[in-house]
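Two complexes, one shared chain (chain A), two partners (chain B, chain C).
Now for the complex of A and B:
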């Protein structure tokens, strides 16, 4: 490193290489990504969010929700489970057999093995695939988040810290609009342990007119407005709640398969 | 010190040329440091009382926290580092700063950009990308300001009297090229009207943030330390072979870091990034060897002065790098990901490493450049102890919070609220660290501003004397006639 030129070249090559690797290559590999198909259906995934939810993404961005919440579920692997769908002609033998068999948390071979044993004596079974991992066990999702889930988001806000729970599936886990609004206004009203700040500024305190407004919040007494007043969500609050309700990563995809729960019924 | 750097007659010329640009860069930086730590404190208080300042959207946690972090990085670390870099370039070149007006303009543009960016975040205009939150107007200003300063630094380098290159040159010269490249790439893709599709956005953002916080700050901090450590210990930088290894491995491996292991992206990205992060042990060790060999055995007491700051800064660099590598190990990364551990690492990199090195450098060079001692010299020792105590009290609890939180989150039988409250205990301790750091930053700002005021008063006095003196001669001549 005797001359400025050699320092320049070393720097240029080093940064240029990682630029090609981590900027150019992902753009080429993923920049043209299109909708994919939900496993074993012809449904497209993901769907464009609704208008209100698209606006709500901007409320989420502006208020920095991603400072405390992630929007991605991780998984460590998959496990198989074997479900008996019909005991066949010899229920006693089948019942006897399955009481001695391990039927959940299996590898593919174990599942096939159990499948073969039960089918041999006339029972009918179904093999189901489930994702594993702490995030999944926590009920934060049915499968890991994959690149396709974020196709339409501008900006994508994966988050880097879980000071609050993951939100990748909050639309599945808490599908009630009123719950969402209540939680935004007074987190402690629905979850006494919550450390989330209140987003009071997304709501309006209004004097009740002739009759209470239809979208006024129904708050517990200690959080309610003064007598004669009501708490009404501003448009931003409705949009943010719509966005939260639109957060669903619950369809099996080629790169993140699982057996949908409905198939077990 | 650099053996070829001799005291020459142009010393006063060098100092004259640097005075105004450095005061402009450091003054604003000191202000933003105080502002950043203050906003950080507000964010920290939210963990004691979530509804503190809750009615005001400006101060909601999700706006205050990124604004505070960006103020520390863009408001303090970068402009202060640029000031020190200009000084080092002029000193090593043995020539006055080239185009000295350009960095003055640039400093004001930069500070304007930081102001607009911070206001933008607080008003809800954040881009939503981590470490790239500043809205477009601010980003354009910062980019232009950086280019102007780089032009001045490059011109000083090009017109140098002393032709040989010193290890600090490699690091600082690389940093001058690094920032415009990563900042323009990140902003052109992520601060545009139409963003790239899906997860390409976070990938580019991780690449940018890691190149800025890990590589750029590393280059600058180590480059500055490699200038000052020999100067303080009174002997040449040990082993420029290891220094070269440290430099090359830092730019070649460090630049591939940053993609988190659990990211929902094609698996080759986090895998490559993880390997690169483990390989950064090489620059870390090489730089450690150079620093230890240079300093060890030299009988120089640091006594709370600039040398202390730089030593602690280098220790923090090694520890922060160690934390980074630990978090990249596959068996730990799953647990530490999405916890306070990451925040601890970044805060150590910003406040323990970069800021410490910069404080030491500024306390050393400012009296030289201004030609007068620090006006509140006693504050530096107190500032040193507050900074060390603050950094420890901030980072150690955050590391502990991250580990506890990560272990509890990895066990699905522990309720989320329990994992959260376990981390909360430590977070509350870290508020003490924030308070100590804030107090220290006030002492630093007091010194910078007292110096500026003294200097301005000095100029005013000279001007007044100048105005008075011809009058006096005129009067005497009148009397004579």
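Now for the complex of A and C:
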């Protein structure tokens, strides 16, 4: 084979180039990711998960949750709004001006323009920024997911199919541990239209002893166990629920900014 | 056998043959135009591989400009803008000053003093003659650079220099400057070291 050397070199270059693109470049870009802070605060982000939630990530993985759920909020744009905080010495002129101005759904330039116009006649304003996009309109998060959110995920389970809703912010959307457990045991008990399979095997049916167990599920009649029996979550169910409660995308970061819902005072 | 060899070495008429030829000029031109357009698109939308820049933001500058600001942060950002336009030319964007031209503001006892009365008189009146800054003697003249600035802007600048480059001091409000401006010493003479030391801090 006369061309052996050139075939080897060509193969090496082709594989080497794809390794550089798929492995080396992302490593250089994100390999040094560190814990960051929530915008305008000194709070760390993200927080290391509790022990139960860390184990829950493996339960999430083992049960293939990522086959039907994503953990990635997408954002397509930003919108600005200008809020009047003080009318200054000339309230009549300010109110006259703002009645003729568009103050919500602005671009950065429009917001700066409105800000300058109102400030010029003595009013004081605050410019607020919100993330926009289909996922955010669905209430799946207040901003897009960024690399920092997955700092303590091993492995990262982004998912690629949304048979169920996105879970990046489920810990904020459904913050009740009992709701999570009930939903895992019998999804139709909390949402009649749910297509999620029941994860009954994460629970144990036990004969009630002297008194019902404190962590037994309170189920509607048609889902409840037979008389004299109760349904108690196994450790896996508790861990999975703890993991779900740890998923949050509700704090502004430098790379995904928005104005906090309650104005800092 | 010899017939077959012969037929191989001399292709029958009509068979395609490979001959070296140059690439047409239009392909090269179109490729260069596409590369140029791609380069412009990349520059405007890639964020230059910055790990902090995500899609609706096109660049690090764009992301910086969109950071929400309220209250103190917005006031300091406003002061920074004015400082860089008016003061930074001599005192430097890093507040370190220029030897022989302008004393440093970072760590200067005039800037981080408990009260800002003396500090506010410097941009309002200007300074002439020898003045001690951070243990060094500076002999220069400063014009009343802040006299023409609106109260709010001057207050923002003073708040900015009192809270940047490691400085940590109270902030200044627009109304404070208004009061100081109302009671400026008569005459447009620049301040001297002694005059500043005589007034309350």
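The criterion applied here is as follows: the second predicted complex is superposed on the first by the 228 of 265 C-alpha atoms of A that agree within 3 Å, B and C clash if a C-alpha of one lies under 4 Å from a C-alpha of the other, contacts with A are read in each partner's own complex, and residues count from 1 in each chain.
Heads up, the rule we're going with is that a contact is a pair of C-beta atoms (placed from the backbone, for glycine too) under 8 Å apart; a residue touches a chain by one contact, two chains touch by 3 or more.
Note that this is a predicted model, so its numbers are computed, not measured.
Q: Applying the touch criterion given at the start, work out whether A:226 contacts chain B, chain C, both or neither, answering first, second, both or neither.
A: After superposition on chain A, A:226 lies in contact with neither partner.
Q: Let me test your reading of the model: by the given contact rule, A:138 touches which partner, first (chain B), second (chain C), both or neither?
A: first
Q: Check whether chain B or chain C contacts more residues of chain A in the superposed model.
A: B
Q: Could you look at A:33 and tell me whether it touches chain B, chain C, both or neither (first, second, both, neither)?
A: Once the two structures are laid over each other on A, A:33 reaches both partners.
Q: Using the superposition on chain A described above, determine whether A:92 touches chain B (first), chain C (second), both, or neither.
A: A:92 contacts neither chain B nor chain C.
Q: Scan A:211 for contacts with chain B and chain C and give back first, second, both or neither.
A: Neither partner.
Q: Should A:70 be classified as contacting the first partner (chain B), the second (chain C), both, or neither?
A: After superposition on chain A, A:70 lies in contact with chain B alone.
Q: May I ask you to decide whether A:149 touches chain B, chain C, both, or neither, giving the answer as first, second, both or neither?
A: After superposition on chain A, A:149 lies in contact with chain B alone.
Q: Is A:258 touching anything from chain B or chain C once the two structures are fitted on A? First, second, both or neither.
A: Once the two structures are laid over each other on A, A:258 reaches chain C alone.
Q: When the two structures are overlaid on chain A, which partner does A:128 contact: first (chain B), second (chain C), both, or neither?
A: Second partner only, chain C.
Q: From the superposed pair, tell me which chain A residues show up as contacts to chain B and also as contacts to chain C.
A: 29-30, 33, 76, 144, 146-147
Q: Could you please specify the touching residues of chain A with respect to chain B in the complex?
A: 1-4, 7-8, 10-12, 14-15, 17-19, 21-23, 26-27, 29-33, 61-68, 70, 72, 74, 76, 134, 137-138, 144-165, 187, 191, 193-201
Q: Would you mind writing out the residues of chain B in touch with chain A in their complex?
A: Interface residues on the chain B side: 46-47, 50-51, 54-57, 60-63, 65-66, 121, 124-130, 157, 164-165, 167, 169-170, 173-174, 177-178, 181-182, 185, 189-190, 194-204, 206-207, 211, 244, 247-248, 251-252, 255-256, 258-260, 262-266, 269, 272-273, 334, 337-340, 342-343, 405, 409-412, 416-417, 420-421, 423-424.
Q: Provide the residue numbers of chain A that touch chain C in the complex, in ascending order.
A: Answer in residue numbers: 25, 29-30, 33, 39-40, 75-78, 108, 126-129, 144, 146-147, 252, 254-260, 263-265.
Q: Note which residues of chain C are touching chain A in the complex, please.
A: The contact residues of chain C facing chain A are 49, 51-57, 63, 65-71, 73-74.
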